[in-house]
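There are two complexes below, and they share chain A, which is joined by chain B in the first and by chain C in the second.
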Partner chain A sequence: MKINFPHRQFAHCESGVTANLLNYHGFPCSEAMAFGIGGGLFFAYVPFVKINFLPLTTYRIGPGSIFAKATRRLGIKVIKKKFGSPESAENELDRLLEAGRPVGAQTGVFWLPFFPPAYRFHFNGHNLVVIGKEGSDYLISDPIFEETVRCPAADLRKARFAKGALAPKGRIYYIEKMPVHFNLPKAIESGIRDVCRVMLKVPLPLLGVRGIRLLARQLAKWPDRFGEKQSLLHLGHVIRMQEEIGTGGAGFRFIYAAFLQEAAGVLENDRLIDLSRRCTAVGDLWRDFALLASRVCKGRAVGQDSFDHLAALLSSCAVHEEALFEDLRSALVR
Partner chain B sequence: MKKNDVPQHSGLLSGNREVNYAVDVDGRYILESSVGWEAKNIALRQAWEAIADELTVVLAEIKDGKKSALAYHMVKNQMDPALLSQYSGVARWRIKRHLKPAVFAGLRPADVVPYAELFGISVDELRFVPEELISPLAGLDQVEADNS
Partner chain C sequence: MDDNLERELVAMVIDLCNVEDILPEDVPLDVPMIGPESPLGLDSLDALEVVVAVQRSYDVRIGGENSSREILQSFTTLADYIRLKQQEDA
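Right, the complex of A and B next:
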């Protein structure tokens, strides 16, 4: 049994899942638009939460949030479920598929056999859409892959009940009912305001632009604090969070720039075109950071100097992002 | 990033392509396929080297009789006692005991079944460790060679 689900490849899992589900339910939507309305852009450096034993550095809002916010802002009714046991989780998934409903699921990539081996780490925030079942295999539309994939039921069960940070607990979600009318401009504005708020206004030093500054300060101290080997591991981890499968490049800054460009047309607001260009420029800065950081990791530029240089690059990202989101906020007031 | 600047450094994607966002000559955003980027390949490779290093240490400790075979399988699956405990349902203090060779050797098969099931291997395989490190990077190098 397979649902006729138009699969499109995108850069990021959750915004791709959201865009593909919206598209299936009759609302044509780009990934960038889903990401922007869902307020996906973010930054946080949380040294006391560990991913693969290294500090959590994230360029996006937490798993589940993009889908939840994008659908809420568009007035779409969705159902979300978590489960106490793998059996009940699997029964409910099968029941929904039988009823012809594509189902979004949060999974841990370590257990997904269709992932490139080099990418199979314990990361539990990966989203995909289950679109059918044949024998003991599930059919899956995973937006970061070119084609739909198959996954043995036993593996998907482990992936849905992955443990550790961001444990999905069998979490699934699906669209229950679409509204008759959408207020797209309002949804876009609300998504933009949300991102400006989390990047600028949350009074915690770990989050948003302040989080970037915190990372810059801490990163400069890594060589002293951790020694060379550990500080290089910390640095490599930041690059992976920023660039690894799924961010579309530069820790989602390019996807967001694409969203601002699209939003400029919908809102008929030319200021957003310029802000989109600035967002691209910030993304390019982040790419410079990743490139230099990777050279440091490879031992081509070690020593305190390169860490200071990297910290300076991050500070520059923070300065530009602060100005960008301030201006973005005021661009909405007409 | 401009369309022409989208990197095409093949590496660790096992023949998959991923989508990058870039602007075309008219400044419009497009989705451009990429086989990888050197900066990412370096960072990924580094993460696997760290796992390989840890495995080497663990194998030496097992050889010296300081740790049980469970330690090898735990590290191979990128776990520590805390995560292994969450996955297997075995209490953390018991896992720490099971990491001792003498304790592990005395366990009944039923005691180690949760580990074997989790790692997808048999109870016999769980008691076995390779003589020398089979580097996780070996597989990756193969992938890289196939792609280039």
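Right, the complex of A and C next:
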């Protein structure tokens, strides 16, 4: 049994899953639009939460939030479930598939055999859509792959119940009912305001622009605090495979820039076009930081490529993001 | 293609990533560029270096809504993508 699900490949899993599910249910949506309405852009540096024994640094909001916020802002009714046992989780998934319903699922990448070995690391926030079952294989629309893939039931079970940080606990989600009418401009504005708030106004030093500044201050002290080997491990962790290899976390800024460009058309607000360009430029700054960091990690650094210089680059990212989101907030006031 | 872009990219990557003991002409073009199967031993940090170098040298941006995983599959896929973007921008 296979649901006729239009699979599209995207750069990031959850915004891709959200866009593909919305598209299946009759709401044409790009990845950038799903990411933007879902308020996906974020920054947090949380030294006391460890991923692979290293501090959590994230350039996006937590797993599940993009889908939850995007659907809520569009007035879509969704169902989310977690499970106490793999058996009940699998039975419910099978029941939903039999009913012809594509089902989003949170999984641990390490246990998914269709990932090439180079990408199978311990990250439990990977999203995909299960679109059918043939024999003991599930059929899966994973938006970071070009085509749909197959996954043995035993492997998907392990991936859905992977242990550790962000453990999915069998989490699934699906669209129950679409509204008759969508208020897209209102959803876009709400998504933008949310991102501006979390980047600028949340009074916690770990989050948003404050979090970038905290990371800059701490990063400058890493060589003295941790020694060379641990400092390089921490640095590599900040920039490694945040959403797409080769962007060092900047990719989310590029996706958000594409969202602002689309939003400019929907809201008929030309200021967003300029802000989209600035968001791309901020992404380039993040990538410059990541490039220097990777050279330090690889021992290819020359001249000023020190932790102090990296901290200064991060501070520059903070300055530009603060100005960008202040201007973005004011661009909505008409 | 006869513009030798693939070999140019191999030479660039070997130089950028300080790969030793391998000649550009000995590197297969259709094998994985990144990961444990890469004959050059490149990882995700090297990928960042490659992506930025391609943007600077060829004015072609990788990342964001296009998938760098697909583009960086091999030197052939990378060269094809650069040619495609250059044609679109011409």
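By our rule, the second predicted complex is superposed on the first by the 320 of 334 C-alpha atoms of A that agree within 3 Å, B and C clash if a C-alpha of one lies under 4 Å from a C-alpha of the other, contacts with A are read in each partner's own complex, and residues count from 1 in each chain.
The working rule: a contact is a pair of C-beta atoms (placed from the backbone, for glycine too) under 8 Å apart; a residue touches a chain by one contact, two chains touch by 3 or more.
Because the structure is a prediction, the values reported are computed rather than measured.
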item	value
First (chain B), second (chain C), both or neither touched by A:144	both
Which superposed partner A:122 touches (first chain B, second chain C, both, neither)	first
When both partners are placed on the shared chain, which of chain B and chain C touches more of chain A	B
Touched partner set for A:110, first chain B, second chain C, both or neither	first
First (chain B), second (chain C), both or neither touched by A:233	first
Which superposed partner A:297 touches (first chain B, second chain C, both, neither)	both
Partner chain in contact with A:287 - chain B first, chain C second, else both or neither	both
First, second, both or neither for A:251, with chain B first and chain C second	second
Touched partner set for A:10, first chain B, second chain C, both or neither	both
First (chain B), second (chain C), both or neither touched by A:77	neither
Footprint overlap on chain A, where chain B in one structure and chain C in the other make contact	9-11, 31-32, 116-119, 144, 146, 236, 239-240, 244-246, 248, 250, 254-255, 257-258, 283, 287, 290-291, 294-295, 297-298
Parts of chain A lying in touch with chain B, wherever the complex brings them together	9-11, 31-32, 52-53, 110, 116-119, 121-122, 144-146, 163-164, 167, 232-233, 236-237, 239-240, 243-246, 248-250, 254-255, 257-258, 261-262, 276-277, 280, 283-284, 287, 290-291, 293-295, 297-298
Touching residues (chain side chain B, partner chain A) in the complex	1, 12-14, 16-23, 27-29, 31, 37-40, 42-44, 46-48, 50, 77-80, 83, 86-87, 139-140, 143
Parts of chain A lying in touch with chain C, wherever the complex brings them together	9-11, 30-32, 116-119, 144, 146, 236, 239-241, 244-248, 250-251, 254-255, 257-258, 283, 287-288, 290-291, 294-295, 297-298, 300
Complex contact set, residues of chain C against chain A	17-18, 32, 34-37, 43-52, 62-70, 72
